[in-house]
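Scrolling down, you'll hit the structures one after another.
In the two complexes that follow, chain A is the common piece, with chain B as its partner first and chain C second.
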Partner chain A sequence: MMKAFRYGLRAAARRRRWAVLPAATTATGAGLLVVVLCLLPDIRRQSAAFGNASDLARITVIVSLVVVLVGAIEVAIGATRAVGQRRTEIGILSASGTNPANVVAMILVEPVLSAVAGAAVGAILAVAGIVAGGVSGALHPAAKPATVAQSVVLTVLLAAGASLLASVIPVVNAVRRPPVESLQRRH
Partner chain B sequence: MAERVEGKDMTTAPEHLVAAESLYKLYRVGDTVIHAVRDVSLTVSSGEFVCLMGPSGSGKTTLLHLLGGLDRPTRGTLRIAGQETNDLTEGQFAALRHSKIGFIFQSFNLIPFLSAVENTELPLIFEDVSRPALRTRALAMLDRVGLSHRAEHPPARLSGGEQQRVAIARALISNPSLVLADEPTANLDRRAGREVVRQLRGLCDEMDVAVVVCTHDPDVAAQATRTLVMEDGQAIQSDDGPRVGQGPA
Partner chain C sequence: MVTAALEPNVADPHASEAASGRGRGLKLLRFGVRNLRRRPEYTVLSVTGIALVIAVVIIVQSIATSFDIAGTQAFADDVGNTPVWVVPAQGVTYNPALGALLPNGAAPSLQNLPPAWTVRMTLGGIWTYRGKHVALYGISTPAQGVAVVSQRASESLGLADGSAISIGGHRLTVRVRGGNGTYIRVPAGVARSVIGDRGWLSITPPAGVTGVGAALSRVPGLMVTTQPTRGADGRHPLAYVTTGGGLFTFQSRYSAALGGRVSGSLLGIISKIALVLGFVIAVTSFLAAVYERRREFGILASIGLSDEVLYFFLMEALIIFAAAYLVGAAIGIALLVLVLPGQLSLSSVLQACALTLTYLPALGIFAALVPTHRIVQQRPADLLRAE
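And now, the complex of A and B:
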């Protein structure tokens, strides 16, 4: 399986231009999620002053989930696109009798990696934005450093899990397809 | 039923690398049944270069796919290297392909983001072979097709003939007993096609590999030790007739 992972990394590096859009979308979603998670205590505190803390907290959680869902859909679209582009590779490996689990693993590396990289970049930018907002006085973040770190880790893990879930079905379907079909549909 | 001509009992002939008997492949499209392959029997021995000829739609590519386990026959028996394949699971047939069969395709099917040498390595990248050993083997294979100087070039920087020679190296890297080639010269000019066939024939002779090739190309057929002509899914003619079975579905 390590060989599949290594080959997947090499392929992802060579195909990086195809990962930019899914990574950018995931970065946007992850950034918004980190902002929401980091500012949640402030949102709760300020909304409590208006007497509707629970409503606002619920709304922010719903918005976060929608953002995550949009990110997952983009990752699934990216994975489907990657599977389409790598049909020949899948067909050749299947025709050569390669273990399907290795093929699935090496194809999955790309969407998961792009989601994780995008989420990490988005989360870091979001934290940088919150810090900059705090320094400039535009924001008054009350989140502790540990909460911020937890938010970043949670967001990246969520992106990795969502991308894996969103990608695994199109990839497994592609690998299950008869090699003849994978190789013929190209032309 | 048309007369059936069989020279040998192929199901028990251990010397044959491939022994196909009465293969049928039917497709159902709505209420219509299409006989892509019907009642084709064929044996191939080590080192043979067998050519499947016939017009488009005659069933030669389908037969090639059946011989390689890329598709399963509706009826009939197929033995490869003495192994009965009818009862094999997909995984078992994949393992058989992995150890015994190499494929060459009309459109080369090289991976665009891999170099020539990486494309050559592809069938063995998940094998228990160290990376340097695999690289050495792939470079040696590329050297045999005269492309060691192009090892680091991606397919886009290779000519059609060179790409097909990389595909030959890829098909042979796992030391298969059988190579199945589907119209390997169809996308090449005549000169490049001749060179590709010359190299394929030479290498397979050297390595004692049997080749079954589908083609319209008379230059390819000229290299064959045996030619099977197909029409409407049936084998209608062979230059060693006794091995060909034919009859209606």
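And now, the complex of A and C:
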């Protein structure tokens, strides 16, 4: 499995340009979720101005969670595209007797890595924005460092988990395909 | 596969032109459905991603529309068509659960008002009766010993017309009247005994008086505005001059400002970002489809059907966006029902769904145009060489 992981890492590095858009989408969703979780007391105050603090704050958190899922879907679309582009490679690996679980792991490294990298970048940018907002006086972040750290870890784990779940089906389907079919010229 | 799907009249452009528009549209629809079924993973992921975005937009839009609609009704019920509405320095809040506007601070005390001007104080606050919240207003005009109860409040609190209610130790007779909010109107003294001095003022100058704003600006410590978007600054009471304002009434502009505040909040910003991500998903998915189908489009281009490619993508975009809209609307409504049960009216949700539907054609067309542009930039020979 470690070999598969290293192979996946090398392939992901080779194909890094394809990971930019999924990572950027995940970064956007993750950044929003970190902002929402860190500024929850402020959001409650803002929601109280509308007359309904708890429900509106809850819906804000739900909506930002959904945006993280949208990022995960984009990662899964990237994984589906990767499967199409690496069809021959998958066929060769399957034909040479590589364990299907290892092939799945190799292919999944790319989407999971792009999701984790994107979520981490988004979360760091969000925290930097919150700190900058606090220093300039534009924001009054009441979140403690522990809350911020928890939000970042939770967001990165959520983005990675959702991306893994969304990507696993197209990858498994591709690996299940008979090697002969994968190696055939398309159309 | 392509030629089989299109049948003879697409292979012959003249025959295609001769065919009726409806028949051609149906053929394109069938072709689009077959192509989407050939790539179920892209189709499911695109529909799910765009559906999630649509759900987000519908949720935020429903809340904003609800504030807009209910704010109009609440303004008419609670403030009416007073020429000048003076709110406390702490401002007023719209409570969506009760459908009522409520003051956040003590009713302002004004000096140096012209003597002939009529000033009416309305006290307001939330009162709990039988474990349920209701907006309680104290005004000087209703008959003593009477509590005017809105229809919604009478249903919620189980109060029938003519029954008795005790508020702050005062026994009052219930009179059920129309109105959209959940409120009870009682004499000011009764209201003061349970909700305190929170309130606002309604000022009416004598008929024919002009320069209302100028006269009010001479009142010490009073801010004056005709803009409903402006809120009190926390230090000075604010007088809204509600007369004039052109095409729209102050009431409609005030409620639109309530809805606009939702759109401008973090919630609104998130929904706008989600919309952009939905567009990215659509374009990415179509670009991936272009990459996989280069040879197919090379064949079409080589037999002179380059223009048809645009129609294929438009039809596929239409199918994906239509499916995503239905799924997204269902998710959005389900989340609204689960998280904000009974707080949003059906009309606001339907308006939000209709409004969201207006964005989609533009998104779908752009999402189809970007990959089509890529395809038409390439020579058929290059497309046919693709592996």
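Note that the second predicted complex is superposed on the first by the 177 of 187 C-alpha atoms of A that agree within 3 Å, B and C clash if a C-alpha of one lies under 4 Å from a C-alpha of the other, contacts with A are read in each partner's own complex, and residues count from 1 in each chain.
Assume a residue touches a chain if its C-beta (ideal position, glycine included) is under 8 Å from a C-beta of that chain, and two chains touch if they have at least 3 such contacts.
Model, not experiment: these values are computed from the prediction.
Model built by superposing both complexes on chain A: chain B and chain C fit together without a clash.
Judged by the touch definition given at the top, the superposed model places A:Arg14 against chain B, while chain C stays out of reach. In the overlay built on the shared chain, the residue A:Ile62 is in contact with chain C alone; chain B does not reach it.
In the superposed model, A:Gly122 lies in contact with neither chain B nor chain C. Once chain A of one complex is fitted onto chain A of the other, the partner contacts of A:Ala76 are limited to chain C, with no touch recorded for chain B. A simple residue count on chain A separates chain B from chain C, and the partner touching more is C. In the superposed three-chain arrangement, the CA centre of chain A forms the vertex of an angle with the CA centres of chain B and chain C, and that angle is 130 degrees when rounded to a multiple of 10. With both structures placed on the common chain, the touch criterion links A:Ser96 to chain B but leaves chain C unconnected.
In the superposition on chain A, A:Pro111 makes contact with neither chain B nor chain C. Once you line the two complexes up on chain A, you'll see the smallest CA to CA distance from chain B to chain C is 9 Å. In the superposition on chain A, the residues of chain A contacted by chain B and by chain C overlap at 186-187. On the chain C side of its complex with chain A, the touching residues are 1, 41-42, 45-46, 48-49, 52-53, 55-56, 59-60, 63, 67, 93-97, 102, 261-262, 265-267, 270-271, 273-274, 277-278, 280-281, 284-285, 288, 291-292, 295-296, 335, 339-340, 343, 387.
Against chain A, in their complex, chain B makes its touches with residues 65, 68, 70-71, 91, 93-99, 101-103, 105, 107, 109, 111, 113-114, 122-123, 125-126, 170, 174. Those residues of chain A that touch chain C in the shared complex are 21, 25, 28-29, 32, 35-36, 39, 43, 46, 48-52, 55-56, 58-60, 62-64, 66-67, 69-71, 73-74, 76-78, 80-81, 84-85, 166, 169-170, 173, 185-187.
Chain A meets chain B in the complex at residues 3-4, 7, 11, 14-15, 88-89, 91-100, 102, 178-180, 183, 186-187.
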